[in-house]
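What follows is a set of notes on a single structure, which appears directly below.
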Amino acid sequence: MIEQSNPFQKISSLEQALKHLKDGLTIMFGGFGGVGSPPGLIDGMITNNLKNLTLIGNDTGFPHIGIGKVVSQGRAKKVIASHIGSNPVAGKLMNEGLLEVEFSPQGTLVERIRAGGMGLGAILTDIGIDNEMVAYGKKQMQLNGKDYLVEPALTADVSIIYAKKADPYGNLVYDKSARNTNPLVAMAGRFTIAEVEEIVPLGSLNPEEIITPGVFVDMVIPSNGVNWKWVWE
Amino acid sequence: MIEQSNPFQKISSLEQALKHLKDGLTIMFGGFGGVGSPPGLIDGMITNNLKNLTLIGNDTGFPHIGIGKVVSQGRAKKVIASHIGSNPVAGKLMNEGLLEVEFSPQGTLVERIRAGGMGLGAILTDIGIDNEMVAYGKKQMQLNGKDYLVEPALTADVSIIYAKKADPYGNLVYDKSARNTNPLVAMAGRFTIAEVEEIVPLGSLNPEEIITPGVFVDMVIPSNGVNWKWVWE
Amino acid sequence: MILDERNKMARRAAEEIADGMVVNLGIGIPSLVPNHLPSSMNVMFQAENGILGMGASPLSGKEDENLCNAGGYPVTIVPGASYFDSTTAFGMIRRGRVDVSILGSLQVSRQGDLANWIIPGKKIPGMGGAMELASKAKKLVVLMKHTDKAGKSKIVKECTLPLTSKGCVDLIITDLAVFQVVNKELFLIEHYSSTTVELIREKTDCNFLIGNNLKTIAY
Amino acid sequence: MILDERNKMARRAAEEIADGMVVNLGIGIPSLVPNHLPSSMNVMFQAENGILGMGASPLSGKEDENLCNAGGYPVTIVPGASYFDSTTAFGMIRRGRVDVSILGSLQVSRQGDLANWIIPGKKIPGMGGAMELASKAKKLVVLMKHTDKAGKSKIVKECTLPLTSKGCVDLIITDLAVFQVVNKELFLIEHYSSTTVELIREKTDCNFLIGNNLKTIAY
């Protein structure tokens, strides 16, 4: 292994990263059906026996894929997601009263995450305004004669994301549709850990192509890649 | 000139583009201090003697740079911008009552433009809540014990932007800091015209590097480049 | 070529797509629609996770785990495709830049209400991106079997299941017929040759009008 | 090297910057600050239009019209720099990821209120991005002449000009002295050797306390 120069002290190890993931925290995760979720950090959460987590992300993956591994072991007390359909264990835990689930429409959820990352308080949307479950407990407001739901911003104690490449400043590029929610989740964490396939020298990423500026990333750790079997395999 | 294949019928000419820019319309423009503003479309607006425009963008450029050319000729009845400081003619017209100016803090303004482009109703922010001019006429709302301004989304009849390259679908990449507000303005127009330095074949832009997906762009026209002298020259 | 029921429905849905359109397809029968489009047609298929310009499924062994549709299945891309984050994907949808959305459903009411996300007490999978697609696509096409497994009509007077979105459905394509919703009124506009208006009335749990120009589908 | 007044102020401001920080500089005297940082220091300079990682000014003739700071002047970039749109630039600011913002000002009150965007009836340039930077940067440093052209103190009991943001200023560096605002109370913590506490009191239009460890600036 070539020793990376580490001028911003952001390059670290899985072991160090896991010190930031503790019982009871609110953890936001990148990924969509497991694609683009950080496999090393997820396994570390299970190995470290984390409990009482509040998890925020697009979905609960599959029982053996992505954040689904954590959810199906009962490590979360609450999930905020747009669907849990691909993870029957999550549905079972919910029906048994062991897991609280807050559903948010997918497009609204990602805007709420982005709003948190961008330092905004909320967004106004008409999506789901007629829907009891979506509108429940939320403020409404009329603007220019139209009714809107006030959808509050979401932030997290720690965000965990997965990227293709990082430089020592934490600038990130993603791979194809594995980008999905990662750039949004990256901004919304008070502490953001990026698990990456490759760490490249400072200056080797084209500044035009950087998707997540390193200012939003607090720690970069190398990944061993996905270790689960996809449903289509 | 190599004849471009035009499968999506988006590639067109300045002449055709100008048919969409009419008296009294709300026109949103990309650029920041003139950098990244579309020079051909701006000159065309002047040549076509447009009147009573409502212009929305970061600033009013300089009297001879960017949208400043249009503003300093008195073609706008209203401007929504974050500052007009670099264009003394705009300030003079405002003081004479010939130009209405709505000021929005820069970060709020671009979020309002993005919200319009993203089909959202508004964003909530605490920026400027103590400021009479910013808060004037705007709704306020308390959320989780904090006070926020409700900043309504902005859209336009036509958006005009400037990009480095386009393909026939209207996928766009920008050049360095000339990106600035362009990707946001691109989304907020009901009809969006991109003036571009180069039109490249479909498939020649890397899908990872496209900043504005072509779905937001209705027309692409070739540019002859900037024809004004910068203040630093 | 003899088409099975699912492909007949998919073929009929494909007729709603014109050159240059942006189209979002749900999982299940909608995913068969691209097979019925002429290859010369310029259509951009969109996925909510963050792809515009999806192509055919990859060959077995050629899948890329980081290039999947919103259902989690591997796809390819066409020239002119782009990747973006999920906010941009939903920005396109909410802004009305998606021309056609083709979804499956549990129930549709005669007024065009859509109920496709939840069966209370049974299955609560969550709405995913269905609400945005249902309420904001320029045209919403529902592809579903005319009746459920118990033989009950899925086209109903009022949805009994929780709504995804009100009055959003423009076209319903079932294995028996095609209905159009115009101003909250249901019109039968086409049916397959294998069935009759009488049979359709029998199997449909609400009244409907007959379109001016009722057609029999040839395939 | 003998420093002029402006560079003395810039040098003092540079001391507020530590390795690894993200810094936003306003136009005018703040733009001189980078000249006073050791070249070994890893600092990321941010611009509101959409750059993180600006470097020195380009040589004459080497300017790129599409690579300019928020003031519209050509810049260069350092390794690790990135370009993004203006929403992301302000996202960094509002989210508190900018460590130090160094701005000019028209007035600052003893409570740390900032008034730097408007002179009613005279100049209404607009606030630009000043409100976000003032209220959301982790540390706000004001660099300004101690008095205006008429000799009036720019440090005041209450701002008479419209506020940019309340209670946001952490440090005031003038051509006479350095003040810290702690819990809405103004402390004189340093002054240049060319002046005295008495002279500063004379030229300052409000009361201030003397810091525990009042220093004289050596340069």
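Descriptive notes on the structure:
We call the chains A, B, C and D, going by the order they appear; numbering starts again at 1 in every chain.
One rule holds in what follows: contacts are C-beta pairs under 8 Å (C-beta built on N, C-alpha and C of every residue); 3 or more make two chains touch, one makes a residue touch a chain.
Not measured: the values here are computed from a predicted model.
Farthest chain from subunit B, judged by C-alpha centroids: C.
Look at where the CA atoms of subunit A average out and do the same for subunit D: the two points lie 36 Å apart. Note on chain placement: the centre of subunit A and the centre of subunit B lie 32 Å apart, centres being C-alpha means.
Separating the CA-averaged centres of subunit C and subunit D is a span of 57 Å. Within subunit D, residues 83-84, 87, 90-91, 93-94, 136 each touch two or more of the remaining chains. Shared contact sites, meaning residues of subunit A that touch two or more other chains, fall at 111, 118-120, 125-126, 174, 176, 207-208. Under the stated contact rule, the graph of chain-to-chain touches falls outside the line, ring, star and complete shapes. Chain pairs that touch, as defined above: A-B, A-C, A-D, B-C, B-D.
On subunit A, the positions that touch subunit C within their shared complex are 32-36, 58-59, 62, 81-86, 91, 94-95, 101, 103, 105-108, 110-111, 114, 125-128, 130-134, 174-184, 211, 226, 230-233. Contact residues on subunit B toward subunit C in their complex (touch as defined above): 7-9, 117-120, 167-169, 171, 187, 202-203, 205, 207-208, 210, 213-216. For subunit D in complex with subunit B, the touching residues are 47-51, 63-74, 83-87, 89-91, 93-94, 123-132, 135-136, 162-166. Put simply, subunit C touches subunit B in their complex at residues 20, 22, 42, 44, 46, 52-53, 77, 79-84, 87-88, 90-97, 136.
Residues of subunit A touching subunit B in their complex: 111, 115, 118-126, 139, 141, 143-144, 146, 148, 150, 152, 173-174, 176, 207-209.
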